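In what comes next, chain A is part of two complexes: it sits with chain B in the first one and with chain C in the second one.
Coming up: the complex of A and B.
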């Protein structure tokens, strides 16, 4: 009996996590009449109408494409610049290194609400408003510090002797870094990329502020529909379900490293 | 920390990061500072206003109320999520296929876009047609998230617990599986009870990951905007108007640039001060 109590608690917790998701999925298969008609635990009439609307209406499905474009851009950019920086932080002592590291972290602490308006003005001024690049660059604000933090944790776990041996053997720095060092921390790169993807994918305030039509992300499309086109809950639920699917796929690939990633590579 | 070599050329390696982040951080921050000391009547004409906005803000009851609600929210969810997360981590299996299943299912809420979290809980909690709202009302509880401040608050807190407890649990789990088996064997020989094992072996070993969890949860809950905005829109009345929501209302809703900028700066400074304390604690632990 004593061994079973934790299992029961764990199952209860997971059921608690799944209930709202179940409700969202159930809602997405109901017709509008059934939703507004009253409470039903399961859809009485299964309909794919909500999904068909999203997949055939360009204003909806372009939202997904836009989101995927800027999230990918942001992830590639953040990892590319964070790799050399993390290496510098994990291997060298240089003037102002500790202050620089903390300054980077402070940007992860900046509330997006504080930056929404200045960002809008900055990106309008340089003519990048309503482009994918604008959102990708803006999300660097919190993703680069995070990527540097995670990668630095993973890199510090690699013994310094590896670097020294490689230099003694006559490897140049770029050759050593790409051929020997990177394969050693590939799981760290994967985890950092996952986190950049995740935080760029879930963020809404900045993405919504920096776009109007051309690069409008799915999260902004959803809020607009919720407020202007009445109260179409079925459609909203279907759009929500479709935003969860990419996340669920990515989690599956990094499941064994996810805990270590959340610990910022420091466990 | 000790094995590092002095190398000033390392600056070249961090330069791209510094440039990109500085472009994103310094320009907007200076814009905010600029607005915070000026008054405008539109048409891009500005007047020097000194520290007037800051004085107004620090005396404003609206700001005190929003700050109070924000602190209450942050400390409530920290008090619930950290112990619950550790408890869940202790319940998780150590090996076998169930580990993967648990990890994937528990991580799922973390990957849901924040506005979808709000929308999902809104639909879930609707008093007449939502699963949660309908069940509570059928059981005889007076529950209406859109009208009663208490219901709105409870929904908000439960939503955040749903969203983020897994983060604490995953961190604590990572810390737990890193404890060498020898520690448990030693405890067994000493005849230690489960509580003693937790108190004297597991908890001290978890110190570091728990500091990270506390730091991340504090930062993110203090900046929370999207989820409560979509769930309640700050209402009913102003009951769930947290700092971010109030700030966006002033900045983008009323376009009061001066007061909004002054509030941004004070908001950022509070976050910074508290995070600095956490960070110092964390790096001191690492140095030891």
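Coming up: the complex of A and C.
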């Protein structure tokens, strides 16, 4: 019986955390009339109408596709650039390496809004406006430093003697890096990729500023629908649910590694 | 001569890690690098492996200049002090990896891995990951990877230092057998003089970035060229004290004196340094050549059948190491005897007194 109080506290906490998510899911199965009509705990009339609209209307589902394209592009780019950079920071000493490492992090301290205007002008000037790569590159500004920071921590956990042993065994550098080194820091790559994915997925301001039609992300679609077609709340709730799902899937795969990332003090 | 250092110097920034060094290793058998931590043993090994380039000087391998040859192209093996294995591969794949990189046929790989595994008694563990093995087995895996290549130069950087006492003893006994008949030159870095004596072969004493002497191990132990070599090659540390030669007598201050014998007998009168290994300083006299002296006992260590006593004569610390248990009382005066046949004499600059 001694466990009762902690159990109750835990249940209360989980309810507190889950309530908004439950409410979102419940709303997504209601009609807009029911949402506006009163306060109901369960949908009185279950409807899949909202989900059907999203999955059949190109202006809706292209929002998801656009988001997934630039988020994936960004994650691949950020990891590809961060891997060699983090290796250099963890294995070599060079002039100003510590300052450079710190400066990389300071990039994360400025709010995205600071960069929205210069990015808009730059991308418009070189014809990258409203493309997936524009958003992917813009997000690299935040995600590369983060990925370098996370990967450097994991790489420094691998002793330099491993590199030396591999060279002695006859491995060339590229061969060593892909066959020996990467498998040793695979969890680090997973954690870094997760955070790149997450930041890029939830970032709205830059993504919205740098796109118009062709590469419009789901977060932008959601806000625009709210203003043009009145308040179609059921539809918005369904869109919200679908926006949470990719993040939940990704976090499921890296859940065990993130704890290590925290333990390294790098997340 | 398999490996030769010619006037090799290694600097890192303002620090000199290795001062000008020249030596040629024995072509087969064990070449011990004996020195304290940070003496420069690992730096020497890294240059031998090609993982580090000398700042100046040349390194020859079988008469060929390999100073700038990358590690991958040298026919060498290396085992570190820490147990370094490829954690994501099985023990079998670990041992096979140098052969596979060299594109050896699968049948040959299998045969050679099998031989190496048998030699190191790793057969039951071939399918496991190194991380699931004990420290001793992990180091055996690393050793198997080193011998499977049949390289002409095998570098072992304190391979037993991180093992438990028992495992260390066990593996040390096996090591000579592993490399016997392979025709490989083995370089073995260690900080323990006893290890150098047990594995035999040749020894280079390394101290503060200098190779003080290189030669057959027993020669180095019995007749070191200089005081630094004697210091490095003594455990417990060698007793060193200033002495004065007057006529046919050697005077250790007012504490003791004895007849000059051996090379020192022919040397002119004057100031010298004497080095006496602790087992030549005993509580019981040793034959005719014993010189008695009295010191104040500071610390005693009794280990089973041996006694070690640290004592003080004229503010200088001495160590006595002897068989049997002796009733030392800390803080009290005790009589000791120097077996003067074990005395090694040095000039003030550290060179040994030669004939």
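What we mean here is this: the second predicted complex is superposed on the first by the 253 of 267 C-alpha atoms of A that agree within 3 Å, B and C clash if a C-alpha of one lies under 4 Å from a C-alpha of the other, contacts with A are read in each partner's own complex, and residues count from 1 in each chain.
Throughout what follows, a residue touches a chain if its C-beta (ideal position, glycine included) is under 8 Å from a C-beta of that chain, and two chains touch if they have at least 3 such contacts.
Keep in mind the model is a prediction, meaning the values are calculated, not measured.
S.K.: Overlay done on chain A, so just call it for chain B and chain C: clash or fit.
M.R.: In the arrangement built by aligning on chain A, the partners chain C and chain B fit side by side.
S.K.: Have a look at where A:204 lands relative to chain B and chain C in the superposition and call it first, second, both or neither.
M.R.: After superposing on A, A:204 lies in contact with chain B but is clear of chain C.
S.K.: Count the residues of chain A touched by chain B and by chain C, then name the partner with the higher count.
M.R.: B
S.K.: State whether A:167 touches chain B only (first), chain C only (second), both chains, or neither.
M.R.: second
S.K.: Considering only the touch criterion stated at the top, classify A:92 as touching first (chain B), second (chain C), both, or neither.
M.R.: A:92: touches chain B, not chain C.
S.K.: For A:180, decide between first (touching chain B), second (touching chain C), both and neither.
M.R.: second
S.K.: Looking at the overlay, what does A:100 touch: chain B (first), chain C (second), both, or neither?
M.R.: Touch partner of A:100: chain B, not chain C.
S.K.: What is the angle, as a multiple of 10 degrees, that the CA centres of chain B and chain C span when seen from the CA centre of chain A?
M.R.: The angle comes out at 90 degrees.
S.K.: Closest Cα approach between chain B and chain C after superposing, in Å?
M.R.: Minimum over all C-alpha pairs: 8 Å.
S.K.: Contact residues on chain B for chain A in the complex?
M.R.: 3-11, 13-14, 16-18, 20-21, 23-25, 27-29, 31-32, 87-88, 90-92, 100, 102-116, 119-121, 123-124, 128-132, 134, 162, 165-167, 170-171, 173-175, 177-178, 208-209, 212, 219, 222-223, 225-226, 230, 243-245, 247-248, 251-252, 257, 260, 264, 267-268, 271-272, 275-276, 279, 286
S.K.: List the residues on chain C that touch chain A in their complex, please.
M.R.: 46, 49, 51, 70-72, 76-78, 80, 82, 84, 86-88, 97-98, 101-102, 142, 145, 149
S.K.: Spell out the part of chain A that touches chain B in their complex, as residue ranges.
M.R.: Against chain B, chain A makes touches at 6-7, 9-10, 13-14, 16-21, 23-24, 27, 35-36, 38-39, 41, 77, 81-82, 84-85, 87-89, 91-95, 97, 100, 102, 104-119, 121-122, 137-138, 140-141, 144-145, 148, 160, 198, 201-205, 209, 218-219, 222-223, 226, 233, 236-237, 240, 243-244, 246-248, 250-252, 255-256, 258-260, 262-264, 266-267.
S.K.: Note which residues of chain A are touching chain C in the complex, please.
M.R.: Touching chain C: residues 159, 161-162, 164-172, 175, 180, 183-184, 186 of chain A.
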